[in-house]
Amino acid sequence: MDYQSIINEIAQEVAPFLKDGKVADYIPALASVNPEQFAMSITMFDGTEYHAGDSETLFSIQSISKVFTFTLALKFYGKALYKRVGYEPSGNPFNSLVQLEYEQGKPRNAFINAGAINVTDALVNYYGSTETASQEILKFIRSIAEDDTVKSNQSVAASEMQYGHRNMALANLMKSFNNLDNEVKDVVKVYFKHCSIEMNTNMLSRSMLYLANHGVDPITEKTYISESKAKRINAVMLTCGHYDASGDFAYNVGLPGKSGVGGGIVAVVPKLMGICVWAPGLNSNGNSLVGTMALKLFTNKTGLSIF
Amino acid sequence: MDYQSIINEIAQEVAPFLKDGKVADYIPALASVNPEQFAMSITMFDGTEYHAGDSETLFSIQSISKVFTFTLALKFYGKALYKRVGYEPSGNPFNSLVQLEYEQGKPRNAFINAGAINVTDALVNYYGSTETASQEILKFIRSIAEDDTVKSNQSVAASEMQYGHRNMALANLMKSFNNLDNEVKDVVKVYFKHCSIEMNTNMLSRSMLYLANHGVDPITEKTYISESKAKRINAVMLTCGHYDASGDFAYNVGLPGKSGVGGGIVAVVPKLMGICVWAPGLNSNGNSLVGTMALKLFTNKTGLSIF
Amino acid sequence: MDYQSIINEIAQEVAPFLKDGKVADYIPALASVNPEQFAMSITMFDGTEYHAGDSETLFSIQSISKVFTFTLALKFYGKALYKRVGYEPSGNPFNSLVQLEYEQGKPRNAFINAGAINVTDALVNYYGSTETASQEILKFIRSIAEDDTVKSNQSVAASEMQYGHRNMALANLMKSFNNLDNEVKDVVKVYFKHCSIEMNTNMLSRSMLYLANHGVDPITEKTYISESKAKRINAVMLTCGHYDASGDFAYNVGLPGKSGVGGGIVAVVPKLMGICVWAPGLNSNGNSLVGTMALKLFTNKTGLSIF
Amino acid sequence: MDYQSIINEIAQEVAPFLKDGKVADYIPALASVNPEQFAMSITMFDGTEYHAGDSETLFSIQSISKVFTFTLALKFYGKALYKRVGYEPSGNPFNSLVQLEYEQGKPRNAFINAGAINVTDALVNYYGSTETASQEILKFIRSIAEDDTVKSNQSVAASEMQYGHRNMALANLMKSFNNLDNEVKDVVKVYFKHCSIEMNTNMLSRSMLYLANHGVDPITEKTYISESKAKRINAVMLTCGHYDASGDFAYNVGLPGKSGVGGGIVAVVPKLMGICVWAPGLNSNGNSLVGTMALKLFTNKTGLSIF
């Protein structure tokens, strides 16, 4: 299939809608991003790449980092991770706190904020310190992206911390249920650090290959995680990757994917490719408006849904 | 792959667990079913069938009927159906009423009870009467199963009606939000009628072929629904097919599927086969305990997850 | 104190606000009531009466009837009633169904709809039939009002039944939790029948004397209920008498009271008087806007709060 | 009435139940309190005192402090306080976080933790610093208790802070909704400081006189708050003073009151007396088991309910 033409087409078709989304504005660093940017990248198993738009422009990966921390935690803890965090869809945006209280401080899944903070806590335990945890998470991302320049934006991380009262609320609530081992503030700092990592669609589509290929990077042949765990991560991306619009994404796109409030969305076509789109304007569910649109067009045009 | 050997193996491996489930007991007709029964059937696109266990024994399909009514309603109404019923996972078992009230009487998806009752109401509208709706739903199921003997068990339907106060509560609540057009009791009767249809795993695995083959029965070549809609139904089965254990099913089985409290579970391997397992004992989520186990073993042994 | 002058003053002061409330419009019979009506009545222990406005005009007592059915049920069942229905404030308007589901079908108190339906069910049990229950409830109200002309408006009751889907939902939900003994429809009919009783402020202020005087009518000296139970009914009126604005009523009025969507509010000054105000326009909590205002003015002017 | 004999009787009658309650154990300082202690004190408007049991033993006043901070905040802000915190019962114990999220960070009332933290924030604003706020709150309590020895237990306050993750969650959640002006940690520290004040029943019954006498201390004739505000505080104590058992307390005791997890309960008989009981063992609602029992006996024996 002529993927280059397809993504060029998509780039044209979505252009008129770039102005419709609303850039995340809860911290100044994100609020100042120009909303009229767009990029789409595909990386094939043989390393072939297709790009459209600003595919070299770095953006804040935000919740896409949850895919990477979940990978590491599932690798190290396996089934034991389930004692801390589930893998069911959460139902509602407001559920963050509501459901967390009903369910005694155990987050529904690793892709809502509470779950990712909890997974971060598990990684701090595993690595023995917050510094090592931050370093190793970054090291892992550099490895799967095959790019050593990837780094966290410290001023974004500091800003997240300053305005991060809701995440502090989630972490404190888990702590009150004895489902957080380290100091609340320390864990949240590590969490915000990896949320503030900056990458471009090029790097991110590349970084999805280990999931598309069931745990093994098809180019470097490095094994990052077992086949069965890789499939499970894809399953959680499908059922829980887009908060309260996960059903919509499954329904309309039909691929495992994960979005971030920076406007990025990664997706996986099993046994075929990694994908990343980026457009900073968000829809009312907090997912990239044009990014979601582009992926719908992509699976419509290619028929590459998993269903 | 030698599917016959695989399902024989599975039948042996799950046998010791048949006594662990708990048969649905909210109506006498279901409570009296012998829990130590098991069947598994596969139907390939060329009509080849594989069976293990009691694959000729009829059982109450219950919520599996929701796949069929959703198919018809999506076919007739398309996107307009979304005004009545969503396609997001519902989060929690208790959500039936809680979420329905918060969300102004619009059910989360067509596979929870409220959603299926709502879809039934839409079909009563479409067909013009409750009788025609019931007849046409049955006719559709006979067609996709290629079996004219399929019928509803009237005494089960009557018993459901007698003990169906929670479903009456759901329907009345939707009616109070003006999201139900026909008389509450009439709609719920039609709903219970198709829940009380009896089939065996043989018929049900056969009846999944139109979904596995994107809308077209691969044997008869009849088109039941468009490719894009068939994929969407599969997507909703994956994200919402097992109530509050939908994430678990996606995580551990990795196939679109739908369970019923009669102990049946249907599943789809896109572009390959239809599957049905049956074991009447349920787990705490109301899904067949051994049925779920059998499907986990099946995708483990065959690697046939969609992820 | 010159109560007549005080209520005349109040009538004048509230007049400009009569147009601000919104008449209940869920059934035609209530929707057609002229909103610009007002009445206020006080009945003293020696029978002295004070009236202002349309104190002879009959209106639908609606939820005020809950005070009377609770009285009868508490009298007959005493502490055993608590197995069916609590006496805690319910917190939120939406709680009707939400809380009822969380709390396994046991209503928070006898003054929310679910609780009053449940109390009605208890009275049907006690009296042995729906007919007798309806008759005896009416007989009790005639007795405390010392007025044999009191009766239910059948066309209002029929209209309530036709649009009563939410109440049917509540009753069905309780039935599904085995907290309703009789047929859902039968109980709800009795419930709507006593909601549709019509009285005027004159009769209703008179009918509060047995509660103001701790169970004994101070004029006829008939004992309706024990002192301790009468005080408890007053306590529940104070904490739960105005749905989600019960705290507001306690805060601003400071008297045990109960409102109905017909625009009536009854209140009790212990050891002194019965009060009733009526103004059909409701505020956003479903309580009489001007009625609440008039009672605030009354306790401000007289200092007659219980606090 | 012979109050001394009555409370002596009560002390005897409740003695066998002292072992049934469960001392608060979330911090070591409270967990180590001997549960088999009891005290009851009454202070009349003329200064006459009645005591039974360990009325000189100091205990942690905990949530009783909420009455005092609410008094100060209502005095300084009046109606404007309502923008921050309501005066409706909260319905459920779990509501702390659930309801706070639904209701956009505005606590239901000043007597649940979130509300009292919010009120503390308002007082920090008013006094200009956390230090001054803490000092002035203490000064106010010393004044109404007419006892300059009252002070906060610093090690209890430090221990509260160490285990106070749920309160930190509440405060962070309010902060995320812009309903907290000062730094989360600072406000929570002030809050815990006044929760950790230690008093005995003697001091506390004395300190209720300004509320019993509508704002004016009947002995010193100091005016602490206006009559109308004093009545409102009593109303909120009645509807919200015992968390999820406020209805029960109104129903069975029938007096405005406020409990603390230290086992103390204060109550007010308007125009007559201040009361305090103390017994450290709590019931399942977190209120003093024997304390509640003693107050029920007291209003039964004296008939002094406000209803």
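Going in written order, the chains are labelled A, B, C and D, and every chain counts its residues from 1.
Here, a contact is a pair of C-beta atoms (placed from the backbone, for glycine too) under 8 Å apart; a residue touches a chain by one contact, two chains touch by 3 or more.
No experiment lies behind these values; they were computed from the predicted model shown.
Engineer: How many steps does it take, at the fewest, to get from chain A to chain C if each step moves to a chain that touches the one before?
Structural biologist: Steps on the shortest route: 2.
Engineer: Would you kindly count the fewest steps from chain A to chain D, each step being a jump to a chain that touches the current one?
Structural biologist: Each step joins two touching chains, and the minimum needed here is 1.
Engineer: Please compute the C-alpha centroid of chain B, do the same for chain C, then give the distance between them in whole Å.
Structural biologist: Result: the chain centres lie 47 Å from each other.
Engineer: Between chain C and chain D, what is the separation of their C-alpha centroids in Å?
Structural biologist: Going by mean C-alpha positions, chain C sits 32 Å from chain D.
Engineer: Using Cα averages as centroids, what's the distance between chain B and chain D in whole Å?
Structural biologist: 55
Engineer: At least two partner chains per residue is the criterion; list those residues in chain B.
Structural biologist: There are none in chain B.
Engineer: For a test of understanding, state which residues of chain B touch chain C in their complex under the given definition.
Structural biologist: Counting only chain B, the residues touching chain C are 94, 96-98, 101-102, 165-166, 168-170, 172-173, 175-176, 184.
Engineer: So in the complex, which bits of chain B are touching chain A?
Structural biologist: 86-92, 95, 99, 108-109, 228, 230-232, 234-236, 238-240, 244-248, 250-252, 254, 256, 270, 300, 305-307
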